[in-house]
């Protein structure tokens, strides 16, 4: 049941979306008409509310993470769900994980990690620019996630205050300059993720990674394509995002390999190689 | 520190990967030579172990979810990380979520969800074929996740035993036949995810979805492309996965919309529309 | 040397493009300033002309086909170069080919074919709507290609006036209704190409194709991605065309196969199978 | 009607393909049985021939360019149709064009160009390695295209023997070393095409291009995806080509621009900008 103070997503029958916090007695004007918050209180999620005499209606939904980041206040480019979801899986984030996120920008990725590490995990959020840190903290607070995050206003060229973290996401304009600091912060076997938009940066980051004890180095990009959900005329949309970022992953080990395996071994296709104990 | 009974990923310097459970006194033969488990015990994760006199070496890493599913025992096609990561984000899975997964196949997706719902959440896993249910249960047990999952050997055409779940993933050969049952099991505002490989099935599923109270219907496909991680010769790999599945998402509401918005509203590009309270 | 009456592409240093016909004594106003045509006459292609006192400049280039179709007058969606180039190769268009193009829309595809069939080939252009036929004829005339095209204002449900054509491109709103007529018009071994935007249409067209003597049936789609051509910051553009059309190809034979090979045989990877004569 | 000496494509009902030259009295053994060439002579293209008593059958088709290159004898990687078709359109190849192709490798691209330039055009084919030149000449001769090609066994670092060509395709291991030579060979407004597989090479080539008088610089890649042509179960194939080459295009002008427009101007979406004469 919707209560005073709840955050809700209002989904218009025209496909429009508004995220807002219910405030008893307050109102909000939208292109579909005036919403009186008192009409929301006591409703069930999934209920439909008509707007004044217009015949227009909204559904009351709980906001998802994807809803949240597309309507958050932001000053920076965010990592899109197509990328953030894959990064989170590759970084093996789960309840209890300790993860460094830097730079945090407007906090979208920080939130994606914080919501999954749960009460027992922690996000160490490093950011050099105070205005971003403030905005990110405000966004995390709005989403009820700030208590899982420790914020640090710091230039990471001096290194991180943490070590033995399970995973680290590096999202800064010059990632190639901080790979050693990342290695120092990660636990043995921990996962490094780096995002960068240009091929030149991917090359520069890979060179630094191969100078240090890392293995299982991978570079990926994601192309998600949406379809018009029309049963009788099913087809992709006309235009799509062509590029956001390359994603580099590597695992921190304690000493350098004797040589590098730069070709990609093909994934085993079943469990046959998970072989017999002697 | 690695202990007797730990699950470890051995990452060979040639890029090969083995996941196994450390058993004091046991051995395992690999293409790089014989591994004596007693040599692993007491090592740190990230350490390098040389194999006999061959000069070959393995690194000891904690297995990630992605490592696990590519070496698991399986009898069915699994949902690939490129898709499962996005599905999990769209289903808004997080600590505390109650989620239905059906059919569970070999348990890969069930595990992906179970690890994120944490101690306070729950996965209700429905499967019609006993051999799959047994295999999935064995895999979940191996991964230490079985206590977060309740297994049901059941034909879902009779409906689910649960209602008010936060999210539901439908992965069966004929998904179009179970959309009403899914609607009944979901809470108001809960998210339905359907995976199916053919365009004809997408059409059939969409028709059923539009017959019921669902909104925010989306269809997606994911193309992930890997690069050869060679700094001076950076380029994509030669071949990639062209298709696995289409992903359909919709949110359960409590009454049908008066009309459907079948075109896709463009995402707001910033928070401007997150408008002023009156 | 540029002469009075030549068609030229003016390529501005700001990346803008104008295609126009040189008319002695005339002028054209652009956002970079006024162009006096007399300044073009006598210049070489590739020369740079400064505009008045602005310091801005244009280069004089011969227009290519791709330049032409992106600045042509049109009333219909055109087939994009990413698709038209592949269609032309699959239809095996070359000097001397006889090809049917229907519907011709604004003439872009008709022109692409006409320029390649040369003086010895011919395009038979069928169109039902007079306004499109007029526009296409005007465009073809402007490009100097009209003498290679015979235009027919006709409803193709009545069949084509030609048979034994080498190739046929079917680009109409309901292609599934004309597959028999296409079969009748094609020579033995001739290639049919069908373009259609939805998966439902692809299914409908394939069903009709399998009812008739066709072999070597293929369905394709093309995703072309452009890069920002910045050496030190090489990366794809932000957004791309996600979808234009599916392309279906089949070859007309004289009698139906006894059964269909619906799986795609993998292409031979070398000439080994091009085997020994006995 | 099929005659002694014709080249034919035999298309098996199982989807297999053989290209061969009809030789009266000869035979060819295939996995479907023995083919007696005398049974082909006098048949129509599109006819079905049964093989011995097996009930298996082949169709007799004229080979297309795409058929030819996938069964040609080759010693090098070829440019795939997805790329070669687009390159040909961007290079604006048509009857009468004069085009340089270098290196020619096994001759696939050379043939693609030669078949389109017709009797009135010409391909100047430069190759440094004699074995490739011999193979390419043999392939071109087999396809009846050798008279449109002039072959040069030459190291292009010394420059080309031609100038004022309409277009030039550069396909060598170190393309960044020959951009000046290409500029010298092209006519004003002529189109340069460069293919190279790595992002590092794209960067190196772009740097050289910007040192010389070129405009309209573009970088593209093509992802073609095939579908299983099954009407009731329409879906993409499981795996696809992820990468072959990047394609760089630029137009030769006679003097350098004062500055470069490195961002990509959006294509005009209609002919409105094809503006009014003053």
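Things worth noting here:
Just so it is clear, A, B, C and D label the chains in written order, and each chain counts residues from 1 on its own.
By our rule, a contact is a pair of C-beta atoms (placed from the backbone, for glycine too) under 8 Å apart; a residue touches a chain by one contact, two chains touch by 3 or more.
The structure displayed is predicted, hence computed values, not measured ones.
Any chain that touches subunit B and also touches subunit D is listed here: A, C.
Looking at B-C alongside C-D, one finds more C-beta pairs in contact between the chains of C-D. Distance between chain centres (mean CA atoms), subunit C to subunit D: 17 Å.
For this pair, subunit B with subunit C, the centres built from the Cα atoms lie 43 Å apart.
Contact with two or more other chains is made by residues 199-200, 202-203, 223, 225-226, 232, 234, 237 of subunit B.
Contact residues on subunit C toward subunit B in their complex (touch as defined above): 199-200, 202-203. Across the complex, subunit A is touched by residues 197-200, 223, 225-226, 232-243 of subunit C. Against subunit C, the residues of subunit D that register as touching in their complex are 9, 11, 13-20, 23, 26-30, 34, 44-48, 55, 57, 59-62, 64-66, 70-74, 81-82, 84-86, 88-90, 92, 94-95, 112, 115-116, 118-119, 187-191, 199, 202-204, 206-207, 210, 213, 215-232, 234, 237, 246, 248, 251-255, 257-259, 261-265, 267-268, 270-271, 273-278.
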